[in-house]
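Across the two complexes that follow, subunit A remains constant while its partner is subunit B and subsequently subunit C.
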Partner chain A sequence: MKKQDKYLVTYCEILLTSTITTILVVAFLIVEKEMLLGAIIGLGILGFFIAKGRGIPHKIDQVYREHPCVFYLTIVSPVIIAIVFCRHEHFALFMIASVAIYATACLGLTLQLGYTGLTNFAGAAFLGVGGYTVAVLTNQSIPNVLVILLGGLMAAIIGSLLILPVLRTRGHYAALVTIAFALLFKTFLEINDTLGGPQGLKIASFKFFGLDFNEPLLGSSFYLSYVIAALLLMLVVFIITRLIEKSWLGLHLDAVRLDETVASCFGINIAAWKILAFTLGNFFIGLAGGLYAQMLGHIAPTNFTFADSLILISIVILGGIGNPLGVIPASFLIIVLPEKLQFIQEYRFLLFSILVILVLVYRPEGLLKRGLRSFYRTWGRERKLEN
Partner chain B sequence: MGALMNRILLIMLSLGVFLFGCSSNETDLVKIAFIGPLTGGVSANGIGGRNSADLAIKLANADTSKKYQYELVVLDDECKPNIGIQVATKAAADSKIFGAVAHYCSAVAVGTVDVFHKFALPMIVWGAVLPEITYGNDYPEIHRVNGTMINQNDVAARFMIDQGYRNWAIIHDTTDYGKGHDKYFTESIEKYGGKVLGRFGVTADQQDFNAELTKIKALKPEVLYFGGITPIGVRVRTQMDRLNIPALFQGTSGIISDAYIEGTGNLSEGTLAFREGDSAERLPGGKMFLTKYKEMEYSSPPEAYGPFAFAAANLIIRAVEAVGPDRKKITKFLNQIKDHNSVIGKISFDDNGQNMVPLITKFVVQDGKWVIWEASDYQSGQRQLSR
Partner chain C sequence: MKTSLLQVEGLTVRFGGLTALSNLDFKLGEGDLLGLIGPNGSGKTTCFNAITGLYKKNSGSVLLRNKEITHSSPQNIYRNGITRTFQRLRLAIGLSVFDNLVIGDAMHLNTSIYFNVFRRSNLRADIKNRLEQAEEILAFFNPKLIDNIYQPIGKLSMIDRRRIEVCRALISKPSVLLLDEPSAGMTHEETRDFMTDLMEIKIKTPKLGVILIEHEMNVIERVTDRCIVLSYGKKIAEGDYRDVSTNKDVRAAYLGED
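After this line comes the complex of A and B, so read on.
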């Protein structure tokens, strides 16, 4: 086979895989019957093994590392088709948007925890900072896109209050600082009447150049516009995170995580890199929180408890610490699975926890393990493609 | 490649068959959603409400004169606004669901009313007491069978003034429940000529109330009004005794539970509290409800708000029987409900969908039991409330 043909076959395989995955995911979201759900999960597992047998995960990984544009195209196009296909399915769209928003927030955490090794147990609090900023500012007359950016900015600014204690402490102690902040944030919201107190705040609908996001877009669901916005936000944040990882910035962050002493011996300014990762991560989380608040239309302190921060952390761990790609299937699992288990009612969290533990037992490094950094291109090498 | 394509084609085909087969032909099946907290801190109330709604559905299905078969779709809102909005969207987007019996937690209900309105799904609140849920909007879809805290506190204030009390100190928790009670009780008590000497907000998980109680002791109130739920109620009552505060202890619907009496022992004697609705034992329908509930052998009791969930589910069933499965018609039918007999007394909705016949029952603890005031020794003058 000619080399050119080989590339083409690989692309087709990847496109096919992502198409089938998208179909399964959408079917999983729409279908309600327990039997059918089981069938879809079965098909998914079967598909996974077929794909594994053909070495597709490896090929995807290669394309992901070395041909990002091709990768994004092959992933994004089936998703767009899927969204057009289920544009009337309010609930499926709502769930897709929620997953995208949580994934965005977790990309921020990946930057902090995965790359730099800063444990942030206040993820939900920063989500809340973004949300509350949006809630307060939307009711003023400020353009909405700007408001979401301000939400991110506000999260970064409030996060900078924590910089000093986070820099002065290490490991568990730094984690404690963020836990304290998470608890403090919720109590603050509850006793603060100007921010709505425990009842929370109502948020006016999102407007984008005269397009009201809460009105049905082109005769389809209310949530279609939010899905598009959330997926776009996720894509942008993903690309930025990925670029950071690949560049010398990511190299520095990795060095700080792996060994601070060695890194500083090589002239790396530990504090500066930690501040960068922490602030940028919080900025991403704040953006996600802003959009989430817009979509929900109502936020309250109980959305942003310590338990929600733990959910964010568990998404990052489940996805594979430090792999931005892993965050997406992991947030899908963590957000959608409890929802799909509604039929077992009060026992659902029990089963859900067991499932998460099982995943961690059989894939202790998460769904998608972060690969080793490759400093040269392997694409097209016969040895690799034959795997 | 060919083999793979074949396999994939097969998978997609089988999936298609599955999806096609699932579109069933149960034309006369009507689904009703139940939304409440099945997991988390207040899950006991949620499960009690769920069982009661389930009982209503089972009784309707056993009744051969009913035109439709009913199915209860149970959704867990975890007492969190974001999850509440998620499950409300799920219920509302399901075209086979024609009514919802929804929400115990006020903060959740305030957030979801927009969703129900957007999708025109008629809903009846079965437990949340915040006035804004019905009075904060003019959505025709929103109804409530239980009273609001305005009614509860108005009756409480009038009653206490009639008993000759004039001075109050207030402890409330900082949830919407506690804060609302503080606000509306103060309004009513000042209207009738009473005085609030001091008010203290405490967080819902606070353990030690000595600081607040010492200040209260210096104020010398005749009554200590407590707005909150059982766990803190028990702590406040016992610590009040340790500081020898002689004031009468007056609670809200939140402490009417056996757990309060178990927690405080002899100290509970003479505690007053008020709850919406007549006591289930005193109504003929209520007796029927309690015996049927026992017959079904549910693993947990209906709790205080179970009868409301039962009444709400029955109301929706009645609407479906009268006008058929059509959301708009059901909404219209519900808005015209006047003097409808139910297990919680007569139900009449006002223009905001609020039940206008807010029967408030007064309770007092006598010999380790919650006794209706009118049937107690305190009413007949054999015992005296502390002064």
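After this line comes the complex of A and C, so read on.
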């Protein structure tokens, strides 16, 4: 029965990690006193190294592989608790929703960069395509949910303009093409008067079957509805991304990323797979952009700059390239940290950059390393049971 | 007379001013094991790259079972039944042995989005079939490999990686297998074991045609029925190893004798 004891210890450790993380995250979102914030960040860093020392990331990976239900419980319940705790805090809820939206966009990038190896430095531009589509269409008599879907669709369509140059170039050159597009897009928005120019556009509130998202939900902050919508969107996109990874599709995308020559020699149509990943990824980013614009209520070209594209890429790298789960803690760090550190003014970017560098030096594979593909839950365990 | 599998006529590949392969002719019949030898830079790998469609051919033709494949894409050439291994191992190190093997049969995988994302139970049944198929090919090549099927490639030894690469090329049941210097980076003992496995394959699939690039002459002597010697992109000799090794041109190419 020693094995069961070991499992019990692992579960307790993970439960403890999850509890402490939840407390720290909620405290971090609510607290405004500078000293306290500093202390929380210190505790967070300390906790990370202790967890690393005890091999928690590896254990999380293992439990996730073997018992996804238990694992999801340790994620879903803290999130619900955190939301309930923060239900009156506009800022905290806004942050949670932003994290979920950025994580959704980064799942799109995971498909492109993580699985297929397509570097897309125009993430914010596709976020913007989704956002502006929503801004233009919400005032028409189209259901709001449909409008967000159209935002995603539009991002996918605009993305297809880039497909030809992306397919014809490789590596750094493909990255340059997307950088050019990102810069071009922002300039286009600034000079285009029908899209509001530099001032941007106002967006009517999001309505869902008569429920107005800009009205307080159940006596809480009005951001609560957006938090729920953003988390649901993230969940759906997350599940689709995981399903793609755990199927022949994910295998083909990996083959294209790892070695195009070998992939061609085994009949894989490189261009077709790149187009699939690029388009689907942009669709996800566009969806995220649409909801983001709805939540902001007002968008301008400055929301979708090249710096935002870099933020998206750094979330993917920090989270662990190719691990959809990693983008969630990574977007929390990258989105919330600079906002909460406003009391040290511009030094926050310095501190923030140092933190990112430290994580990458001590954990170059990112917060959560991508493991081997397991096609289904019992994958790889049938053989062990036989022996 | 054996049925002809692969027929190469006047194959020429140029890179700018350099003629890497010049007017190469040869035939490969069912069950043949043809050795391709020559000093470094003599065009052996170029020949493989040209046959598999990675390089454009300047002239000449390649026929597989009398079907013209000279200007087909690498993808189509694979679908027609030619697979290969690479001189520098080209396995996906971060992926599992199973992933690496199953990609070898990519042409038979169902890649519709609907099937892969929404028909998970069907997909799961399909994956289980592929697992059996992968175990079968490993058992066929070397049963000791089966236990490693869920392992990442990075954990395997050099010889096992080579074996996996050959299994990846064999899993789609090709009619022609091109082996590009499989002994590179292996010890003498490993090479010997590997060649024993290769001979097993030949016995188990008598119709498979194999072309083997090899530097180790004792390997060539032991396993091939016939060999071709290349030097500066030209074929300078063809025949069984004993004839070829005593050929004057061949000695000149290898030893620099006049």
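We adopt the following convention: the second predicted complex is superposed on the first by the 324 of 387 C-alpha atoms of A that agree within 3 Å, B and C clash if a C-alpha of one lies under 4 Å from a C-alpha of the other, contacts with A are read in each partner's own complex, and residues count from 1 in each chain.
Just so it is clear, a residue touches a chain if its C-beta (ideal position, glycine included) is under 8 Å from a C-beta of that chain, and two chains touch if they have at least 3 such contacts.
Not measured: the values here are computed from a predicted model.
Once the two complexes are overlaid on the shared chain, A:360 sits clear of subunit B and of subunit C alike.
The partner that reaches more residues of subunit A, of the two candidates subunit B and subunit C, is B. By the touch criterion stated above, A:259 is placed in contact with subunit C alone, subunit B being left untouched.
By the touch criterion stated above, A:297 is placed in contact with subunit B alone, subunit C being left untouched. Once chain A of one complex is fitted onto chain A of the other, the partner contacts of A:90 are limited to subunit B, with no touch recorded for subunit C.
When the two structures are aligned on the shared chain, A:372 is found in touch with subunit C, with no touch to subunit B. Of the two partner chains, subunit B is the only one that A:339 touches; subunit C does not reach it.
Remark: subunit C residues 52-54, 73-76, 78-79, 83-84, 86, 90, 92, 94-96, 99, 102-104, 106-107, 109-111, 113, 116-117, 120, 123-124, 127, 147, 149-150, 152, 168, 172 touch subunit A in the complex. Contact residues of subunit A toward subunit C in the complex are 240, 243-244, 247-249, 251-252, 254-255, 258-259, 261-269, 276, 370, 372-373, 375-376, 379-380, 383.
Only residues 1, 4, 7-8, 11-12, 14-15, 18-19, 22, 38-39, 43, 47, 50, 74-76, 79-82, 85-87, 89-90, 92-94, 106-107, 110-112, 114-115, 118-119, 130, 132, 174-176, 179, 201, 203 of subunit B touch subunit A when the two sit together in their complex. Subunit A makes touch with subunit B in their complex at residues 9, 13, 16, 20, 23, 27, 31-33, 36, 39-40, 43, 46-47, 50, 54, 89-91, 94-95, 98, 187, 190-191, 197-200, 202, 214, 222-223, 292, 296-300, 302-303, 339, 342, 345-346, 348-349.
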